[in-house]
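Both complexes below contain subunit A, partnered by subunit B and then by subunit C.
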Partner chain A sequence: MRIGAYRLSVERAEAPSPARVALGALLAVALALLLASVLFWTPESGPWTAYRIAFGYAFANPSGLGATVHRAVYLLLCTLAFLIPLRGGLWNIGLPGQVYAGALAAFAVPFWAGARELGSGTAGGVALLSMPLAAALAGAALGALVGLLRAKLAVNEILVTMMLNSVMFWLVSDFIKEGGAFMSATAEGESFTLPEAFRPPLPLGLPPSAFLGLAAAVVVDFVFSRAAAGYRVRTFGLNPQAARYAGIDPVRVSLWVFVLGGAFSGLAGYHYFAAVPGLYKIPTNYGYYGDLSFYGIICALIARGSAVGAVPMALLFAGLSVGGRFAQGALRLPFGVDYAILGLLMTTFVFSHLVDRYRVVWRPTAPAPTSAPPRPEGAR
Partner chain B sequence: MTPELEHRTPPPVLAARGITKSFPGVRALDRVDLEVAEGEVHAVLGQNGAGKTTLMNILFGLIHPDEGEVYLRGRRVRFRSPHDALASGIGMVHQTRRLVPAHTVLENLVLGHPRARGLLDLRRARQELEALCARYGVHVDLEARVWQLSEGEKQWVEILKALYAGVRILILDEPTSALTPPEVQALLRALRALVDQDGVTVVLVTHKLPVVRAVARTVTVLRAGRVAARLSVSDTTDHELVQHMVGQEVTLPTVQAPDRRGPVVLEVEDLSAYNDKGVLSLRGVSFTVHEGEIVGVAGVTGNGQEELAQVLAGLRPAVSGRVRLLGRDVTHLPTLDRWRLGLGYVPAERTEVASVAALSLVENTGLNYHFDPEFCPRGMLDRTRLERLTRQILATFRVKAPHPYVRAQHLSGGNLQKLVLGRVLSRQPRLLVAHLPTQGLDVEAAAFVRAQLLEAKARGAAVLLISEDLDEIFAVSDRVGALYEGRFVALVPRNEVDPETVGAWMAGSLGRRA
Partner chain C sequence: MNELLARSLEASTVFLLAALGELVNQRSGILNVGLEGLMLFGGTAAFLVAQSTGSYPAGLAAGIAVGGLLGWVHGLFSIRLRGDQVVSGMGLWILSFGLTTYLGSPHTGPLGLPRFPALLGLSPFVYFGILLVVAVWFVLSRTSLGLAIRSVGESPAAAAASGVNVAGIRYLCVVFGGTLAGLAGAAYTLSYNPVWNYNFLMGWGFVSLALVFFSMWNPWVLLGGSVLFGAMWQLSLSPEYVLPGVLSRYVWRTVPFGVTIAILTVISTPWFRTRWGLAKPQALGVPYAD
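And then the complex of A and B:
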């Protein structure tokens, strides 16, 4: 486009600066909320009221804030589970399955300790520690299967993880249904409730898994930026051929990123079903929480592979899903507005990434060439 | 003092005025003018990194100039994408192939053709293409899958594709770099026919003087992003052209490496390997390379050279036979252990295999050092150390890069190659396997790389040089051999054989067997 002696053009841009990325993220959130406000328009109240209620509950109400933080930790652990394989160029779509595996393994500990029959059971530190450990191991084992199939037989990891999600979903169902090993006393299609003795302590109102998740985010970023192991994973992710040239073992990389990813998913399952106050069981609608794990993928992609950068994203997504659900009930809004907002947010973030790849350039047009080729008559 | 062409009466069919283009840290083009007359072959000559490819990408609409304009038949044009350029009759054949390997030649040729919108009329397309092939004396099997073709054939498919789409101006970016000598001759003949019979205009990007001499009428010489000269080819000498390219009198480094052959470093015994298609393409090769010796292996691409290099580097399993490095059997040893033992490997594919485009030069240096305890104390990458080493390599190997943290993708092919070689040699390898180390490099860079091979030899390294360039092999090797269909035709001391004989070996004319 020409304006006077200037030309306005859109060109491909190089990597954007961190400030621009942050600004883009803020604008994306604002745009999503603006678009979603249509959904909150009711005869009685405008979007402003709805947002005040949603954000007020999610971030200012004590019980709402609790729910938000617990959910954010869950999302953060799922983000790590996706992000680590992603840096190695592999896609872990098996988050729900690994979450279920973690939940089942965590509940197996009190089950073996006889908690289901006794209703209480006795647990020491060993049992408390072995629950998250079992969960992480179960998730890691499921991940290892995927990593091995990928590395040894070049089986597509996306297909394998997706199918394992289904397998694990029905396995959970089998365990908690009437007659299943983990069924509740009332046989209502949910697991037995975790006895007090098996519930982890809550320093600062948070289960230890929350602190573990935050610490892990810092460690993961550090390892990827500084450690030789992180360098090998990144190199493999960016150019597997160059990685092989450099002597980086593709089998080991594929296996380890999936083992670690699976372990974090398993921990997420432990966190949500066995460590968050108010639940302490695998509920009937465990599939809802399983699906929620997919937001870890969105968080990792939006944060562009940075685990610490994903923390605010996880908080935002958690707050919006908790607060949106609350506002929906309070204002009798249509069912599913919480998911609608999350969907809009995803869209605007993807859009902001697209915008980042271009820049608007404003520069004077080149002075008319002195030796311009002769122009045919009538041409401009 | 820039010698100018005398003003031509017909207006240039394609012209660029004041083109400037910068990439982060590099000014690739600086107020470049280009004029191409209708129906001529215009050569764009320059060293690696002179900005030739960038200029062509601008003419083809792949990238946009920061400043300057492009004129087509005197009319200013602004291509938003190659699609616009094609619609205006400009086609380009890139250095790297852009074909669908799994499709047939015919399917590739039809893909993207203006007429191929909904239904494909393959029968009609075949007839037209057969006519086109006949016209230019090209023999390409239209039913063959592209992955089965040689590099030269693939290039022909791309040229045919442009011609079939009806382009009147054809841009060829380094078209001879992947071709064997007979293929080069065939290409040049066809280009002449294209221009003389059909009046197609050709813009030929190259750094090879003989190619310019053979077909071009006029030439624009680029140096470091600026036009160094515009000349009529018949009015200039090779010496003059080289001077414009390089900017000063060329002083090619000469290294005298004394012949002090030491003990055996590499011992290969009856080695066989499959290629990617599962065909046994390395068939029972045996040879040795000694300390302080360069063994040059000639051969036309596809006769087992790549497989040999990869088996030695541990990147391809050996079907049978044995490899010993410094007396140790390494046949089944992983790549990493071979690096640790003293292997140095410079693969032919510098962009795909030897570097990671999205990583900085410092992190690319890490490819050869991530396992070295000195550079990774307690499992942590020592960035300061890596950066210092990278700076050293950039300086010693005269790599043109704005700073060590620029991404590898911003380096030109020749600079990247020097960097890769510098990285590998900085490890002081006991065995250096260099596969096509000067492919696509300009005269100066190639001479530099060869000098480095000789220096490695002087330091006591055993060097296996795999090349298609007989001049290169004869310039540096102590012993010379040729691979044909996966076997050594011969391997003899250099002074016992002449290039013509080795050329015959490469072509499968069996002399004596080693």
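And then the complex of A and C:
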């Protein structure tokens, strides 16, 4: 397009600068919030009121802030579960299934200890440690299956993880409904409540899984930027063919990124169902918590694969979902505001992906020739 | 038992319609992992429009139009902007999952219209699906358009060199795939299970996507696979017909998904690949720059 003496064009940017990448991420979030304001528009109140209510509850109300922080930890663990395979070029969208596996494994510990029947059991440090460990192992086992199928037979990991999500969703129902092994003695459709002895300590009001998640984010970034293992995963993710030539074992990389990813998802399942005050059970609407794990995908994508960069994202999106649901009730908005924001964020991420890849270029147009150039001698 | 058979065929048709569109999509080299999202949006649009207008044709048209539009959006990102097809597909899926929950929630519940008209005891979608299989097979294997579609899916550069409009063919296929995904969603919410619920598909789109791989990109094998999966799906909902009292109904619900993983594994083994061959389009998922 020509504007005056300049020509405006959109060109492909082969290597976007870090500043452009950061700008793209910020634009994605800002645009999603702008679009979400349409959802918050009611005849009685504008979007500003809704955002004030949502963010006020999520970050200024003590009860809301607690919920936001716990959810942020959950989202951070889910983010790590998605991000590690992503750096290896693989998509782990089996977060809900691995979260459910972790929750079931965590509840299996007090169940086997007989705490379900007692209502309150005695648990030592070993039992308390066993719960997150069992959760991480269960998630890792599910991840290992995906990783092995991908690595050995090139089975599409997106399809396998989605199938496993559905398998695990129904298995949780089997455990907590219609006389299932973990069903509460007093309420149909939810698990038994975790006895106090099996609830983790809360230093600074947070369960140990919160500190583990934060530490893991730092370690993951360090490994990807400084360690040989991270280099191998990144190389495999960027160019599997070149990685093979360089002697990187594709089976080992695919397996381990999924094992680690699954372990973090399993831990997220432990965190939300067994370590967050006020819940301590697998509730009837456990599917909602599974769906929330998809926010981890958005966090990782918008943070462009940086685990530490995903921490503020996780906090923001946790606040948005907690506050959005509160505003939904306060303003009598339709159910699903948090789901809609999730969708909008994903769309704006795809948009920001384009901002990374393309750039708008202004160039002065060449002055038009005033007369025909002289012909070289001898030319016909 | 007749009722079970009819319901199985209707379920098969939903799988078939979505998978057939995706098959054409993939034969042209474009992968849309967001198939479930297109079905969710198409189904929700069809449900909302049919409920508000009281007209099935209007609902169907809305489902098809929304599916086609989203197919085009995927095409724009994948073909024109040469973006990562998985990113675009996942984006469409999560967008659909989120927005349909918000838009459809106030309408949770039954459609509230008389039952979708049946033809000889079966949903008309069943007959339409079979006709469509014949049509797609004919076009893909017996016409110059089919040759163009297959060639852009195998080697877009060679196709372009021989005068085929690669982008045009791919757009045609993604829009066709989108309309069929929208139609599949509409067949689900208007005929197979006319009750709106949040995330009502819960994996149907991903099973359909798996069926395309299972079919080895052949419409006839796809028809057989859809019938098999439709029957299996229906049996997982009503296990009392085959094994009454064995395992809980929740465990039965996991069967179609477990079988899908098993089939995907078998068709990916070297033994299967060398014995049966996989007609996977060579340029599937690879952006093409002309």
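Following the convention adopted for this analysis, the second predicted complex is superposed on the first by the 353 of 380 C-alpha atoms of A that agree within 3 Å, B and C clash if a C-alpha of one lies under 4 Å from a C-alpha of the other, contacts with A are read in each partner's own complex, and residues count from 1 in each chain.
In this section, a contact is a pair of C-beta atoms (placed from the backbone, for glycine too) under 8 Å apart; a residue touches a chain by one contact, two chains touch by 3 or more.
Source: prediction; values computed, not measured.
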| item | value |
| --- | --- |
| Touching partner for A:R232 - first (subunit B), second (subunit C), both, neither | first |
| First, second, both or neither for A:I93, with subunit B first and subunit C second | second |
| First (subunit B), second (subunit C), both or neither touched by A:P334 | second |
| Which of subunit B and subunit C A:L164 touches, first, second, both or neither | second |
| Touched partner set for A:A19, first subunit B, second subunit C, both or neither | neither |
| Contacts of A:D249 with subunit B and subunit C, given as first, second, both or neither | first |
| Partner chain(s) touched by A:V350 [first = subunit B, second = subunit C, both, neither] | second |
| Residue contacts with subunit A in the superposition, subunit B compared against subunit C | C |
| First, second, both or neither for A:L204, with subunit B first and subunit C second | neither |
| Residues of subunit A that touch subunit B when the two form their complex | 9, 11-12, 14, 226-229, 231-232, 234-235, 238-239, 241-242, 244-249, 363, 366, 369, 371-376, 379-380 |
| Parts of subunit C lying in touch with subunit A, wherever the complex brings them together | 33, 77, 81, 83-84, 86-88, 90-91, 94-99, 101-103, 105-106, 198-199, 202-203, 206-207, 209-210, 213, 248, 250-251, 253-254, 257-258, 260-261, 264-265, 268-269 |
| Residues on subunit A engaged by subunit C in the complex (per definition of touch) | 39, 91, 93, 149, 153-156, 158-160, 162-167, 169-171, 173-174, 177-178, 180, 291, 294, 297-298, 301, 334-337, 339-344, 346-347, 349-350, 353-354, 357-358 |
| Touching residues on subunit B, where the partner in the complex is subunit A | 11-12, 15, 17-18, 23-24, 33, 35, 63-64, 66-69, 71, 73-76, 313-315, 334-339, 345, 347, 349, 352-359, 363, 366-368, 370-371, 376, 379-381, 383 |
